[in-house]
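Letters A, B and C mark the chains as written, and numbering starts fresh at 1 in each.
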Amino acid sequence: MGLLLKEIRRNPLLWLLAFVPAVFIVEHLKPEAGTLLFVLSVLGIVPLAALLSQATESVAAKTGDSVGGLLNATLGNLTELVIALSALRAGQYMLVKASIAGAIVTNILFMLGASFFVGGLKHHTQQFNAASARLQAGQLFLATIALLVPSTVGGGTAAPDAAFAQTLSLYLAILLITIYGLGLLFSLKTHREFFTAAEQHGEEEHETWPLGLALGILSGVTVLVALVSEVFVASVQEAALAMGMTDAFVGFIVVPLVGGAAEMASAFSGARKNRLDLSVGIALGSATQIALFVAPVLVLASYVLGPSPMTLQFWPGAVAMILLATITASFVSNSGRTAWFVGVVTLAVYLTFAIALYLLPPR
Amino acid sequence: MGLLLKEIRRNPLLWLLAFVPAVFIVEHLKPEAGTLLFVLSVLGIVPLAALLSQATESVAAKTGDSVGGLLNATLGNLTELVIALSALRAGQYMLVKASIAGAIVTNILFMLGASFFVGGLKHHTQQFNAASARLQAGQLFLATIALLVPSTVGGGTAAPDAAFAQTLSLYLAILLITIYGLGLLFSLKTHREFFTAAEQHGEEEHETWPLGLALGILSGVTVLVALVSEVFVASVQEAALAMGMTDAFVGFIVVPLVGGAAEMASAFSGARKNRLDLSVGIALGSATQIALFVAPVLVLASYVLGPSPMTLQFWPGAVAMILLATITASFVSNSGRTAWFVGVVTLAVYLTFAIALYLLPPR
Amino acid sequence: MGLLLKEIRRNPLLWLLAFVPAVFIVEHLKPEAGTLLFVLSVLGIVPLAALLSQATESVAAKTGDSVGGLLNATLGNLTELVIALSALRAGQYMLVKASIAGAIVTNILFMLGASFFVGGLKHHTQQFNAASARLQAGQLFLATIALLVPSTVGGGTAAPDAAFAQTLSLYLAILLITIYGLGLLFSLKTHREFFTAAEQHGEEEHETWPLGLALGILSGVTVLVALVSEVFVASVQEAALAMGMTDAFVGFIVVPLVGGAAEMASAFSGARKNRLDLSVGIALGSATQIALFVAPVLVLASYVLGPSPMTLQFWPGAVAMILLATITASFVSNSGRTAWFVGVVTLAVYLTFAIALYLLPPR
């Protein structure tokens, strides 16, 4: 417990933990204050996500490389998953789909762009391993193609057939999870030497916690995230209305920024320390995981938790944004060299998406 | 003749030749057994395609590099061309277009993906010449763009104008064949040194046949392919209905796998021998040839053989798949390095396309 | 004045200046001769654009690197801007948008393709700096994405909302100009060493003029371009009708070829001298400038000059062509090596676009 308090003292992000009890108090006293609850729950999720991420790393460090890598890879987007599951239970499929699409786009355009920008402000030009970045960008591209098939292949047929989309989404979910499993086999067993460099750097950064504490925090904080997420999802529509935001904007922009805050902090700090390989690895790896693991798990979970099965059909604008973001990942990682302006342009693309989604009339 | 028998004994693929007479016998005795005829004709075309491909190589080896290269390049997709011509004569334009689109997609995603996979199972990582792969992927991309112009540029105009699509397709067919001719000039005359390495490897593999035998097989087998193709095309609709497959699935998946079986065998064997340049060259070269030669020849042939002129307008899903496949070719060939998982992901994209086409409700 | 005459004697392109007075004479005597006026004004703009470009370079050479670079970058597409402003005042938004899209596509496909072709006819293979070409292609890609957001992100929503597109276009115009300004800061201040090589080559080519003469020509010729552009815009519809061309074809193909003739001359001459970095830099730099500077300036100017605010919404075919052209830029610049056939294929894509636009039925 002393270790946890020490960590809280060291890391200003964790001071936001004060908002977690505030969420529950306000929900009890003023359940009708939707906008306030929305803001409080957003502020509460950020430090919880940071704790989750550090607990996962600590458990991973103790359990040896293979199990640890598996944990790191599987729980890396736990916050996004828990939030999406809450939205799924509430039947808010538009919010779920927007948050899947948005997490991919945000990880690529915002996390990578801002890493290049903050790194470029400190270092004149920065180099990273182009070969491994290309491999990751290629995997990410193929993963998103597979994800987008239900939205594109059926294009132009007479009526968008609901049964077709549903069956296809179910098969694809199983296929995507299979690829995800094979990917873990690849990166943790057969070809781990490709991936070790980046992880070693990552582990230097924090003191790790003892296994008991880490496991306790992992399970306790997951429950807290779930509880806060429920308040978040329940308040989001009222708040969005009050603040003039659409569902698409909240799912696409707000949820990924909130859920990924902890990873972003690591990526930006890597960039400033001139370890761009770390930043590129986190951004592309996390986007790949959303496409290959989080999205199909949500499809499967919708059969159990949701009011009706969820498909992988995205609206055309989301398809365009995901494709453009993945092609951007390739452009940007291609040369292995970056400077601040590359970050500016990447962020600008993100900003244009955000502005467009903000202005988009609700459907 | 002894040589041919020796080859048949050596190559188990050729044992399937037994299905060729079976096709004609069943067609004579039970012409109404559509599904059986479909299966038999598929099994019969595979060994005929293998014979054609070896005969072409033998003639090429005897006639010197320039004429030989020309033959190899022009007759490389002879099987696909003959099948498509049979479908053209029967007026089955959906099948023809699906088989053009499918041949490009299958060559890239399945042939390249499976090469990376089987090669990767044997070798930890494999290298290939990234510079020449990029050049080929770039040519392929530009060739497919030119092919897709009638389907994209007119997009969004009021009514899809039939006369516009027809005139445009005719002009484009002439342009594409011109580019194809210039490409032969480039690869066989002015810049042949770029392409020699891969071909030398290719020629080591087989004993070549004497010119007379090779020419005899080339013409005799072409006639046989044409005859079997007619049975295939006549039975495909009944069989597709019986087996629950759409026209799009048969054209896109079945025809290219059947017609390209021989090339695939070469590509996979190259990959296992760690000669990935050979596999990449076959896959991308064959896809380029479909776009620049087979497709425009079919458009021109439709004026003579078909009930009405065929256009180059593809349905939006096919456009999406072709574009995604060509961009994939670039991603995958970009780094010049591969491992088994790259093959898995490429195959997975192919599989998602196949599943989607299989489930697609018939229009 | 003697210098100007000497330049005119040396450069045959400038003999076309004789058509400039002819435009005004014919407009005075036969204002109804639309087709003749169209042809004369096209022929008159070409040498004026060449003079503008050389005057800009001369001013830039005299005013030191930073101010000079700024001028060069800002006035490089002055002719296109002036023509588009004339069309804007006349309310011909289709022509304006087609010329924005067309200038991007023409600079990439025609200027780059023809450079590779004419360079390749003289040199067996040509090398250029792939790293810097990739950086430029990446920036261009991101710039065009930002430009295309209003046309893609809204896709699939119920009704294309006019107010949405207008507000979004205004915000994006401001964002694009901001990025443009930051890009100048990047290339002229913080990272000028990336860009110097190409410019040094460029400056060797011409004798520069004294500052007074250069400034005089710059302002005088700009006025002339504006006057001739008005005749051009006024006559274009009648001429297009008479010559069987659509608005889209004139804006997309004719205007960019006319406005960019001077730059093209420099790019082709660079390619023949085996200085492909110069050609690639001009082509990609000019396309980037259209997306980041010319297009947003036209949106802002439409609030002052036009009958109603202009949006950045392009028709789907234009979106497809711009995207395909920018991806082509990446494919083609990726390997850093080229030969004549790469130029042929790039030009062929341009030709397919041109044929399609020519045949497109007017809407």
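In this text, a contact is a pair of C-beta atoms (placed from the backbone, for glycine too) under 8 Å apart; a residue touches a chain by one contact, two chains touch by 3 or more.
Just so it is clear, the model here is predicted, and its values are computed rather than measured.
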Overall pattern in which the protein chains touch one another (line/ring/star/complete/other): complete
Interface composition of copies chain A and chain C: same or different, split at half: different
Rotation angle superposing chain A onto its copy chain B by C-alpha atoms, nearest 5 degrees: 120
Geometric centre distance via CA averages, chain C-chain A, whole Å: 40
Residue list for chain A, restricted to those that touch at least two other chains: 327, 334
For the chain A and chain B complex, residues of the former touching the latter: 131, 134-135, 137-139, 141-143, 145-146, 149-150, 152-158, 161, 164, 167-168, 171-172, 175, 179, 182-183, 186, 190-191, 327, 330, 334
Of all residues in chain C, those that touch chain B in their complex: 124-125, 315-317, 320-321, 324, 327-328, 331-332, 334-335, 337, 339-342, 344-346, 348-349, 351-353, 355-357, 359-361, 363
